[in-house]
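Labels A, B, C and D are assigned to the chains in the order they are written; within every chain, residues are numbered from 1.
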Amino acid sequence: MLRILYFAWLRDRLGRSGETLPLPQGAHCVQDLIAALNARGGEYAAIFARPELIRVAVNQSFATIAAPIAAHDEIAFFPPVTGG
Amino acid sequence: MLRILYFAWLRDRLGRSGETLPLPQGAHCVQDLIAALNARGGEYAAIFARPELIRVAVNQSFATIAAPIAAHDEIAFFPPVTGG
Amino acid sequence: MPRVTIRVQAEAFDSAHETALLLRGHEDVGGVAAFTGIVRGGGGLVALELEHYPGMTESMMRRIAESACVRFGLAGCTVIHRVGRLAVGMPIVLVLCASAHRGGAQEATTFMMDWLKTSAPFWKREEFADGRSAWVEARAQDEAAKARWGSLAACDGGKKN
Amino acid sequence: MPRVTIRVQAEAFDSAHETALLLRGHEDVGGVAAFTGIVRGGGGLVALELEHYPGMTESMMRRIAESACVRFGLAGCTVIHRVGRLAVGMPIVLVLCASAHRGGAQEATTFMMDWLKTSAPFWKREEFADGRSAWVEARAQDEAAKARWGSLAACDGGKKN
């Protein structure tokens, strides 16, 4: 199972901080996962149809949407960071 | 009377931290005072014959050797500063 | 080995105590540069709520700190970032850099703040006196500030093994 | 009015306490940059003896601090310089600059240290383990560091009235 995490306003909009999910059929990279989430419609579509608004980490390192994913990966979606 | 102060290695070499002195005859600027001190010979000459080694303050502000001086001024001689 | 300390905590920090810990036993340090970020008031702001990504935050902070130690030849550095609700006037973040010479410590502090602001997964929500609340948006100028340091293999989007 | 604190003292200072005093009642501060100078060991050095020119020291420190407040728009700054005998590892000098934004506070700290090192009348004598002792010579690079800030009417050799 993939472990998906949502932070900041993504979590607020989706109403959840994370979920577990089997690797979607034929998904090889982050972009494939985004397409699967987008296909859910509703708030998911509102967010994942605009990937330029979100940042991704795969296994706790920043990643691009082209980054490969595999079963058991931890994939986090969040807005650009604003700490410091 | 002028109040003359010496700091750091100037004080060590001259064996005194200061002195009071009447304004030397015809002295109008720091350079004239330096000439009068240099004329004493000994350690005074060793130091004041090389004014490039020393820095001057007149009434507690940095000054050049061309700065005017007058009776009752406080004139300090010291090496370049090394604080901080 | 440089002495690197990383912490994410709700509690306040004591910069003098942290400086003493950083310096302990280091006779080759000539200066410690520090930056303390504070919740700035204005526009009716009451507090910030700081959220982070536990695990990734600490590992990114450590990578940034270790890069700074190598790049600026630091004797050590300490980075403490607070989370949770922080009222106006409260300290949010502390960066301490110890070095033989002043310039390295000061530059390293700037470097660490520029990277922290853009590469450590923290998010701020603002709470206002009138009850409004809003997530802070990232600023393009923070990315520009980071960019002037060039790429940082250990921090710049590399995939961790 | 910026809050300026200047002190020359033999005693140690507490940077956290000084930071709290500097910030008290200032809701418009977003960051405090600090630099603490430390007696760096090496080459058999045991201690420094710090001498100053009482009166002129304080007035130069104040002029430098007030210039920094104007130039960098600081909410305030604190400069504390110790004198007397300071063993290796002891703090010598503390500069704190508080500002709405980070960059101003950090730049102001560098500016103040560059000016302090070249324009405040302090002198250091080094004491070594073998009994030798020698006055520290001024470094050309300190003058060069100051020079990059351009002239500073209030500090640059002007005669005080």
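Basically, a residue touches a chain if its C-beta (ideal position, glycine included) is under 8 Å from a C-beta of that chain, and two chains touch if they have at least 3 such contacts.
Since the model is a prediction, treat every value here as computed from it, not as a measurement.
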Remotest chain, chain D as reference, centres from CA atoms: A
Distance between the centres, which are taken as Cα means, of chain C and chain B, whole angstrom: 49
Separation of chain A from chain C, taking each centre as the mean of its C-alpha atoms, in whole Å: 26
Rounded Å distance between chain A and chain B, as computed from the means of their C-alpha atoms: 74
Sites on chain C at which at least two other chains make contact: 37, 113
Chain A: positions in contact with at least two other chains: none
Chain pairs that touch, as defined at the top of this document: A-C, B-D, C-D
Chain C to chain A touching residues, read off their complex: 37, 50-53, 55-56, 59, 81, 92-93, 113, 116-125, 135-138, 142, 156-160
Complex contacts: residues of chain D adjacent to chain C: 14-17, 19, 23, 26-38, 40-42, 88-89, 100, 102, 105-106, 109-110, 113
Residue numbers on chain B that touch chain D, as the complex places them: 5, 7-9, 12, 57-64, 67, 76, 78-84
